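Shared between the two complexes below is subunit A, which pairs with subunit B and subunit C, respectively.
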Partner chain A sequence: MSVVRRSRWSYLSLQQAPLLLAFVMLGITVAAYVLFFDLRLHHLPTAFAWDSTISNALPLVFVAAGQGIVVLTRSLDLSVGGIMDLTNSLAATHMHSSVPSMLLWSLIVLAVGGATGLVNGLLVTVGRLQPIVVTIATMSILQGLAAWVLPQPGGNIPASYTNILANSNSPLGLVFIGVVAVFWLLLRRFRLGIALYAVGNDAEAANALGINVRRIRTSAFVLSGIMSAAAGLFLAAGSSGGDATGGDSYLLASFAAVVLGGVSFFGGRGSVIGVVCGAGVVTLLVSVLFYANVNSFYESFYQGIFLIGAVLLGMVVTSLAQRRARGSLRRSRRRW
Partner chain B sequence: MADSAAGTSPVGWDWTKWWTTQRRNIAYSFGTVVLLVIIGGILKPGILSGSSLSVLAELASFVGFVGVGQTLVFLLGGIDFSVVWVLNAGAILIAVESAAGNGSLPGALAITLGMGLAVGLANGIGVAYFSIPAIVMTLGANGIVEGLSLGLSGGLTCNTCKDPPAPALLTGLNGKLAGVPGDVLVWVGVILLVSLLLSGSTFGRRIYATGVNPAASYLAGVGIRGVTVAVYALSGLFAAVAGIMLAANSGGASLGLGNPYLLESIAAAVIGGVSVLGGRGHYVGTVAGCLTLVVLVAILNAELIPDYVRSIVYGAVIIVIVLLYGREKQVA
Partner chain C sequence: MLEAVDIAKSFGEVQALAGASFSLAPGEVHGLVGENGAGKSTLIKVLSGVLRPDRGQVFLNGRRVVVPSPAVARRLGLGTVFQELTLLRWMTVAENLLLDDLPRGRGGLVQRRKLADRAAAVLSSYGVESIDPLEVPDRLSLADQQILEIVRTLRRQPSILLLDEPTASLSAGQVDWLFAQVRRFRTEGGSVVFTSHRWKEVEELVDRLTVFRNGRDVATRERLDESEAVVLMTGRRLGEMYPPVPTATSEDVLLEVREVRSNVLDGVSFSVRRGEILGIGGLAGQGQRELFLTLFGARRAKGGEIVVGGQRRRIRRPKDAIRSGLGIALVPEDRKQEGLLLPLSVRDNLTLPVVGRFAIAGLIRRAEERRHVGELIARLQVKTTRSGSQAVETLSGGNQQKVLIGRWLLAGAQVLLLYDITRGVDLGTKHDLYKLVAELAEAGHAIVFYSSDTDETAHLCQRVLVMREGRVVRELAGAQVEPEAIVAASVMETAEV
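Let's turn to the complex of A and B:
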């Protein structure tokens, strides 16, 4: 009996090891943030510091969640930064400070993101093209469109909109992070969520089991498009304006968050909850380096080290868990 | 060797066997270049002048150097994102190290190429021995090189950072031999060398074998890890070469020099019919891809089309071209 319980625990730890690691890394980064903040300013982070950190993290949380869903299906979306470019420019040039305008333009922006994702998805599935090629091409197109919509950084985002989406004086941002988490926890229990994993693990087997692989892969790109558009809205709200190149840096950051969140680039393994933690780590890391007095020129050096280190750590943890699972399996076989 | 016997015999020559998808794609991409040059010649006859063509060849060569690595890495089914900052670091290194004059040039070249090789080796070891996904490994390496370049040069504010490289390098690469610029001559040499490597060497066969099926190649005795490390090392080396060429061409290093070359090297390889899944394609195709991109941009510039339209056309052309001949047999 004890053998069975042990093996079940091992199975669980094997499944969730990368997710647990993501939580541990988030915990360590938060601790480092508090430590260096205190060393530099001689007091603990204030409520304002926490709130602004959370609202700073929101664009990355959303765009990385979308990227995570695409990576789960064993694809990747290089156009997420381009979608953010276009959507934050659209919001900054068109939104007025009336409730209907804000609602309408938020919806239009999300629809633009969804439509872009649909185009990506259809080119990949129906067009039978490689995701890297398709999304690098649409990235270029989106960057062009963004520069056409907003030639110079500027535009205007209503203050009331900023107060809702990027409020540094209240922990409202946690609600949005909660929305992403709840959305994912629901999604993965529905048919689509399960199919995402199935397609990512083995598309041919999923197809044989009656899953419409094309539709699932396209859906992943559409979700990523909508999430990236939402990230563009948060970005515009946070900077109270638009910038046609503002989303570009989020491409690399989204991959970093996905990797730190324990989603496997070989598809079918990982969780968007982990990606949200990963986005938190990536955002906090910048603050940690700042409060640790690290020359900002070296920022990407540490991010690169951290990225590669986290992948290696993730693999070590997974292989330890696997060895453990295999070991207990061997023991239980001997018993039977 | 029955195949080659059939191939050489005048009766048994089967052109359908010779006319592979790979050769067809390369022919298509050269066809695209010819078509674009004709369109350009009609729209702006100036494009066909000798001086304009030599500038175009020079611009294509910069993409071409980065494209060597990207093509080889694609043939293994990988991707190299680190070319952006390896290129930029290469440009900074050659300028700083050879600023003292011609005497310091050999050392500067060794340091710069060594840097590219070292980053490539690290990428290869990470991918081959630690099974880190190529995209993560090379993105991480890109960040590390970016941070070190910015940090060590103080954001390119050091004393010798803005200096031009040694005069010998400038005259050698910018000077012309029979109307052909020096860097284009180097590129022609590289094209021959890489083609020989891919089509006529054991190492080339091993690259294709590993790209098509790593497990089968391993069982057939191919050292797939060694091949992977060597390919990534070459990619780093050629990104550094591109940095040297660009520094010589623009008379010094600047920040963000490498930024356009990730997209362009990937686009050139893809337009040239190299599959990102590995095993299919040839550097000759990538060369056609480089020329396609450069001629396209020249036409758009000559028509005074604004930058943002250029970026849109760029993306659209990539999609149209891959839709024409880059489609996968089946995507489950």
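Let's turn to the complex of A and C:
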């Protein structure tokens, strides 16, 4: 005797409702972007407009992806902005326009991010401190270090570096977004990815199942550190220089992207793909507000309203989907 | 095979295990029985590497072993189904089942389709067809979650299986399934440790059993009849379970109910005097619950009068009941839903509604608060620390019940509505609760008592009202209050219709 198994898609659509919603929201914001662009400039967005929007989005895509991984393990990383501060300052002060220098400093910067993540992770897991306490402290330390490395905004990023990481004349940025997506899809299918979810679902249970919870949680912080460092590189490349406070605004934006991306703050549910969409939404929203002629003074006001609206919508849609599914499940369940 | 010697484990001031020993013979099913809080689960957690014992030794096949982590326990051949489920709620059934043995393909990538297929095969090899591998446990029934947990443990083919209350949420048919699995496991040479609250199940399944009391093993037997088991588990005889019924002498009527109506209640009238325990009987679902909730103001009455201490009162919400002169308080069967703040301490739960009383100009006098709390904990015999700093959620159900009663006593309630307060409570704590009820009556409270166990009603109450279809159909008093009489009154009246 065998049960009628429902199709894979019927489960996916239910379990991944927040992810689907993130796609829908991205679609809507893209449409709004096109609409307001056209209303304002009387033509559709040019290739250049698209390319520069995409490269603008890159720092947030990376930092939010890292944040998303940490949130999946039911934790949070407040130091991501600080890591971006330090790393973009380092790049702006040290990188020369020779290929070895660019490569070397990219790697050093990523290593700095990873090391910061490792410190965060060890303090949280071995030191048994609250993530919020640890990362708020490291954030502050990193901000101080950044100011020491680069007291005034400036420095220099080689033009060829900018051409690779922040090229507004080609859709190269899509490749980097693709890299994040593929990285995640692969990670999700390795033991580490599955363990990340397990820890986020229930750390105690994961431990009882033989998962090394400390190692997994530390890994999440390390990944977040590396991603934030990459975000710092994109930020430096995009502005052809450094700014020791340039990363600060990315902290809150990364949480906004995580929320819009449908990752649960209770851990264990959601997808980094959704977070990438969320980062797209947050970035596009700024452009939409600009073309809609909203005074940039009120920008954050509208962003906040939008965020709350989006989250509420997400909750309603998810609970509706669940209720429907539960009904059909009840009808189909065989009793013993 | 597996032997635990003199294991001790404390949580703060609570001593969960105080030198417990037991030994599992090869190829046997060994039952662990004892009241809630006797330490069974703690012992199982120690053996499974989840908890480190403070003292004591574990031997496996005659050799001393240390079990520092669940992973090590697994390697030693132990498979455990814990009392609290350890499923990952939002990961698929397949991932849950095969987490430690994921099918990998090229480059170590997990193969999703194969994962689902293999999980389905595993489930059906244990005769489980009703759980879909792509579903997430969050959306499975509690019973299915429990079954999944059992299959997950069996699949690893341990040589020793530890099952902590695996039947708590299973239906009769599912229990049969589990027993078949356990027996198959035993014939294949495995040994099993099994705990359950249902005596019948223990009798049916186990080859030997060890009785636990207060963190110690008190006896290991091959056969034990129920009354002897009660003595061993509680240290009391069955007949001594109930305290003598207090004799109500006062004529002082504290609560009078006249013709109360609601959607369910059809004109209920009665009165309770100071020092009286009035039982409400009848078959389940004849409006008893409605009556209690209505008197407490948690349901609206459609008509009738409630007279508290000689004065008519309107009770539209629980706040009215508590403030109605003498104070009416409800202690329901489900503590979790009715006002205990589970993560907070016993002390906070006791004093939260009245904390202002210990304050001078807004400053809480902690010493004063602690004194009251200490007295109350002693009087109610709550099994916790004297300072009351333990979180309520870590108490057993019966002790949570005592905390809720204590809160109402502190709040000064004189009329206590006790609705099925012993449901799911272990024998020893039941006994404490009976004694407490009798003492409260003697101290001058008026008590309205409902229990789904007619024996309790008969043994505790001076007077019993039998309800049917929202009405009181029979009043039994004095010598008439017998379990048989209550049952007869409930059943016969119903049968006549």
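In this text, the second predicted complex is superposed on the first by the 322 of 336 C-alpha atoms of A that agree within 3 Å, B and C clash if a C-alpha of one lies under 4 Å from a C-alpha of the other, contacts with A are read in each partner's own complex, and residues count from 1 in each chain.
To be clear about the criterion, a contact is a pair of C-beta atoms (placed from the backbone, for glycine too) under 8 Å apart; a residue touches a chain by one contact, two chains touch by 3 or more.
Please read all numbers here as calculations on a predicted model, not as lab measurements.
Once chain A of one complex is fitted onto chain A of the other, the partner contacts of A:20 are absent, as it touches neither subunit B nor subunit C. With both structures placed on the common chain, the touch criterion links A:207 to subunit B and to subunit C.
If you count the residues of subunit A touched by subunit B and by subunit C, you find the higher number for B.
In the superposed model, A:118 makes contact with neither subunit B nor subunit C. After overlaying the two complexes on the shared chain, residue contacts for A:268 are found with subunit C alone; subunit B is out of touch. By the touch criterion stated above, A:32 is placed in contact with neither subunit B nor subunit C.
Shared-chain residue A:197: touches subunit C; no touch with subunit B.
When the two structures are aligned on the shared chain, A:186 is found in touch with subunit C, with no touch to subunit B. Shared contact residues of subunit A, touching subunit B in one structure and subunit C in the other: 204, 206-207.
The touching residues of subunit A, when paired with subunit C in their complex, are 1-3, 5-6, 8, 11, 15, 186, 189-191, 194, 197-198, 201-202, 204-211, 268-269, 322, 325-326, 329, 333-334, 336. By the touch rule above, subunit C contacts subunit A in their complex via residues 48, 50, 69-71, 74, 80, 82, 85-92, 95, 99-100, 102, 108-110, 112, 116, 120, 124, 129-130, 132-136, 139, 141, 171, 173-174, 177.
Of all the residues in subunit B, the ones that touch subunit A in their complex are 79, 126, 130-133, 135-137, 139-148, 150-151, 154-155, 263, 266-267, 270, 275-277, 307-316, 318-319, 322-323, 326-332.
Touching subunit B in their complex are the following residues of subunit A: 76, 123-125, 127-130, 132-134, 136-148, 151, 203-204, 206-207, 213, 252, 255-256, 259, 265-266, 295, 297-305, 307-308, 311-312, 315.
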